[in-house]
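In the two complexes below, chain A is the common chain; its partner is chain B in one and chain C in the other.
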Partner chain A sequence: MKKLSRLYLVLVFIILYVPIIYLIVYSFSQGDTMTNYHGFTWQHYRDLFADPRMLAIVADTLLVALLSALMATAIGTLGALSIQRTSKRVTRDVLLNLNNILMVSPDVIIGASFLIFFTTLKIPLGFGSVLLSHIAFEIPIVVLMVLPRLREMSPSLLSAAEDLGATTHQLLTKIILPFITPGILAGFFMALTYSLDDFAVTFFVTGNGFSTLSVEIYSRARQGINLEINALSGVMLLFSLLLVGGYYLLQQSSRKRRARKREVTP
Partner chain B sequence: MTKRNFWGYFVPYGLWLGLFVIAPVALIVYQSFFNLDHQLTLTNYADYFRSGVYLKMTLNSVWYAFLITLFTGLISYPTAYVLHQLKHRQLWLLLVILPTWINILLKAYAFIGIFSQDGLANTFLRFIGLGPHQLLFTNASFIFVATYIQIPFMILPIYNALDDLNPAFINASQDLGATHWQTFRHVIFPLTLPGVKAGIQAVFIPSLSLFMLTRLIGGNKVITLGTAIEEHFLTTMNWGMGSTIGVVLIVAMIIVMQLTNDHTKGAAK
Partner chain C sequence: MKRLMSLVALLLLVCGGLAYASTQLQKSSGAANGKVLNLYNWGDYIDPALLKKFQAETGYHVNVETFDSNEAMYTKLKQGGTHYDLAVPSEYMVSKLKAAHLLQPLDRTRLTGLNNYDTRFLNQPFDRGNRYSLPYFWGTLGIVYNDRVVKPGTLTHWSQLWSPKYRDQLMLVDSARDILGMALVEQGHSMNTTNPQTLLAATKRLDQLSPNVKAVVADEIKMYMSQDEAAVAVDWSGEAAEMLTQNKHLHYVVPSEGSNLWFDNLVIPKTAQHYQAIYAFLNFMSRPQNAAQNAEYIGYATPNAKAKALLPASVRNDRQFYPDEKTLRHLQVYRNLAPRVVQTYNDRYLEFKMHH
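Up next is the complex of A and B:
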């Protein structure tokens, strides 16, 4: 029984990882099909880095991801602060439910409704509309990452600071923000991955001139196999691993810090 | 914090709620009442319910989403269960999450290669003597790839539910003479049902709207609600009808949320 269950687990993991490994293996294959390995080459990576259109799209994608994640983190943190401050339970529940609408809505709905929204307001489709959409769908996850940290904060900490004469500004920068920094960083990382991962919303609001990696991969994949995409996935996999690694280290260090604090205060 | 300052903090978030949460939903409902000539009308809804095409497409989409959710659940529950008994389970869990960090389009693209005439899948089929088949652009390949993409999103909530389960219940059940199967059937499964429901929520709704997979893997043979919306908005430019289908998708979403939410709340009380 035990052996059988292990075998099952191994099988599931093989299925989970075969496509990814397959992509990467063929990024090093000569020729231009994803069948019959033709021998090792760096050619597709060289092509990728010599493709000015592709490089511009990579730069655009990273720019949108960074800018939108920064903005979403700022707005989302303010949102979490104000949700936490509302004293009425009903208001808070309503705000939280509204916050979660974009989390549960299917991508196509978000994309289609944003497209109507931008057209109604006559906002031109392109970099601006994509950036605004990414900020919009990243805010709720930031709120959800920051709120638990705010809840952990004891109210006596705030009253103590207020009693000692701290201004609102000091309260925010000296007490609240340092305490919730791990949540803010986690929110920023999640926002970054949401942005890099998104395809459907961007596809709706991108218009003609502007493209992100996902949209570019989609249009190239519709034309068939192109091993440059494999090379691109190799680069993106490396980038994701770095992000996951960074996020993991961040969590570990905050967990250690918390554990240390517990030792100090019995 | 003074009240005045507090409102200052709320402004950006409040603006976002108004402009990007409430307004778009209102706009999509509003748009669904307009025809191609920008006249206020109910024809979109009349068309939707009267012409069999849309209803059939909706049923089809729900059926595929159901199959995808079913297969994902059947594969994920045992996986989460075995995973939860492992020694280094945190590490294994990280390995389950890792594939979700890879862009969904790259995963779909990988399957274009794997399912092609001389791809990995056909090589394997030939090896076990089942000969090559046309795999790409079939309904089965669409379901397979969608299931593949959704598996981690089902494993995680089930794993968390198993983690929350108090082992004392299992010990008690075994002490009282229940067999492994009885313990699972009457103790473990009912207590982890909230996790399964969360998983269904996370898988079923997106499965209704996976339009990129129907294009890349399904070869336009499968039309989901998502595909229909994308086509009406970006190809035929009939936003009114697209919005109507969008409203249907929103209603479907609310129904699924209600079905999977209420019971857990009742149990918690």
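Up next is the complex of A and C:
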């Protein structure tokens, strides 16, 4: 049984990773299509790094992702705190469900409504509109990631701190925030990946020369995608690996820190 | 808390770096001096070298933004909030944009390259007198076949597709107008018919094709054909050109009794701003040398007669993509039909797909 479950796990990982690896293997292939492998070359990577338009789009995509994730994390964390603090059960449920509705509604509808919203307010489409809409659809994700962590926190922890004379400010910065930090980090990274992934919402609100990777790649589909895109996928995978690595290191260091603290305070 | 703060500071630093990199990259390509042209085009549908040449010559930097379907582009243009100076819709979308008052007429006095164009591709029903549009590329609907199964030169007419020889060998591109249009032409009718009776007859004829049809697919058709999954396919010339480069055994033929003729066109949307740049660009792209270079890069057929003359003879005389006079005369451009008629086309096509 144990063998079988391990086999299953391996199989699932193969299915998940083979397409990505296939894509990246072909990024090193001479020739222009993914039909036959023609021998090793760096040419597609050279093409990619010689294409200022593509690089500018990559930089813009990362910028929007990081900045929007940062702001969404700040707003979402505050939102989660306030939902948790709401004492009336009905209000809390309503707030939470309003948050969930945004999570489940289709991207296309959110995108189209943002387009109408921005154009009626005469906000020019471009970096600003993309950033704002990304922040908007990332907030619910952050709330959902932070909230469980807040629920785990025992209320006696807060009462104890208050009894010892902690001010509200100290309560927040010394007790609550450190406790929910893993949730905040998880929310930030989820928001980041959502932003990098998104096509539907972004397509509607891009304009005036500003574009992101997903929109650019998707609109190349009619001509057939060239191997420069494969090379880009390789670079992006490397970037994701670095992100995951960074997340892992952050978690590790906070775990160690906590362990050390426990040793110091008997 | 301190750690969170330092993390935030680090992220902001990275963001600053990215913003700097992005502006530098755009500056290095010359976007910052304000002399720009905003082009809204299909993805990878212009030779990037031409954009550089245009900038070197005129000083205008071209911002290219891309779309993936005519409908998506229509939505963006209609909603406003953008300032595209030029867009590249297909022919039926030109009529639709025109009807929605989203286009500006071309100023003929500022166009210098008009007489480079082949008159057969001007003055089309979707834009009489080319008041709003200049053709960018054109193409056809036709038959792709594999010479390992079909002897070259033997398959030249639509009606041959119904032959029992091709049982379970045929792939169709998933498009109501094109597939019904093929059946209509086979029966000697116009591809723009609005007569329900004629359409019904065409659907009946299509049903007889069912035993031969292996699949009705979209973009994947390219992959299937280049991997010898099917012997015959009905597809557009642009797609066919790509298949042909991938598989030497494939050939493309436009039936001489008639087929569809399609165009992608340059138009000026209502929200355009940089008129100097627009006309500089239109004239630049109309120049034979540049149009020829673009045609070689994209691989579609150019409507620019003088540019065609500059193309290598092997391309210029390729009857697959530049059909002869007789075939050309029988090609039909789709008209923008009334929504009710479009619905009938879609319903009939759906019936065919369900029966199949």
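Following the convention adopted for this analysis, the second predicted complex is superposed on the first by the 224 of 266 C-alpha atoms of A that agree within 3 Å, B and C clash if a C-alpha of one lies under 4 Å from a C-alpha of the other, contacts with A are read in each partner's own complex, and residues count from 1 in each chain.
As a convention for this text, a contact is a pair of C-beta atoms (placed from the backbone, for glycine too) under 8 Å apart; a residue touches a chain by one contact, two chains touch by 3 or more.
In this text the structure is predicted, and so the values were computed from the model without any measurement.
> Following the overlay on chain A, give me a clash-or-fit verdict for chain B and chain C.
When both complexes are placed onto chain A, chain B and chain C end up clashing with one another.
> Between chain B (first) and chain C (second), which does A:236 come into contact with in this model arrangement: first, second, both, or neither?
A:236: touches chain B, not chain C.
> Once the structures are superposed on A, label A:81 by its partner contacts, choosing first (chain B), second (chain C), both or neither.
first
> In the overlaid three-chain picture, which partner chain does A:249 touch, first (chain B) or second (chain C), both, or neither?
Once the two structures are laid over each other on A, A:249 reaches no partner at all.
> Pick one for A:14: touches chain B only (first), chain C only (second), both, or neither.
Once the two structures are laid over each other on A, A:14 reaches no partner at all.
> Now for A:160: first (chain B), second (chain C), both, or neither, which partner does it touch?
Neither: A:160 stays clear of chain B and chain C.
> After superposition on the shared chain, which partner residues are touched by A:218: those of chain B (first), chain C (second), both, or neither?
both
> For A:94 in the superposed arrangement: first (chain B), second (chain C), both or neither?
After superposing on A, A:94 lies clear of both chain B and chain C.
> Under the stated touch criterion, which partner chain does A:200 make contact with: chain B (first), chain C (second), both, or neither?
First partner only.
> Check whether chain B or chain C contacts more residues of chain A in the superposed model.
Touching more of chain A: B.
> Have a look at where A:105 lands relative to chain B and chain C in the superposition and call it first, second, both or neither.
Touch status of A:105: first partner only.
> After overlaying the two complexes on chain A, where does the chain B footprint on chain A coincide with the chain C footprint?
Dual-contact residues (chain A): 33, 35, 112, 115-116, 203-204, 217-218, 221-222, 224.
> Any idea which chain A residues touch chain C in the complex?
33, 35, 51-53, 55-56, 59-60, 62-63, 66-67, 70, 112, 115-116, 118-119, 122-125, 129, 173-174, 177-178, 181, 184, 203-204, 206-209, 211, 215-224, 226, 250, 254
> Spell out the residues on chain C that touch chain A in their complex, using ranges where they run on.
Residues of chain C touching chain A: 1, 3-4, 7-8, 11-12, 14-15, 18-19, 21-22, 25-26, 28-29, 31, 36, 38, 42-45, 48, 63-68, 72, 75-76, 79-83, 219, 222-223, 226-227, 242, 246, 298.
> Using the touch rule from the top, collect the residues of chain A that touch chain B in their complex.
Interface residues on chain A, with respect to chain B: 5-6, 8-9, 12-13, 15-20, 22-23, 26, 33-36, 74-76, 78-79, 81-82, 85, 95, 98-99, 101-102, 104-110, 112-117, 120, 132, 135-136, 139, 143, 168, 171, 193, 196-197, 199-200, 203-204, 213-214, 217-218, 221-222, 224-225, 229, 232-233, 236-237, 240, 243-244, 248.
> In their shared complex, at which residues does chain B touch chain A?
Contact set of chain B toward chain A: 1-2, 5-6, 9-10, 12-14, 16-17, 19-25, 27-28, 31, 75, 78-79, 82-83, 86, 94-96, 98-99, 101-114, 116-120, 148, 151-152, 201, 205-206, 208-209, 211-212, 215-216, 225-226, 229-230, 233-234, 239, 242-243, 246, 249-250, 253, 257.
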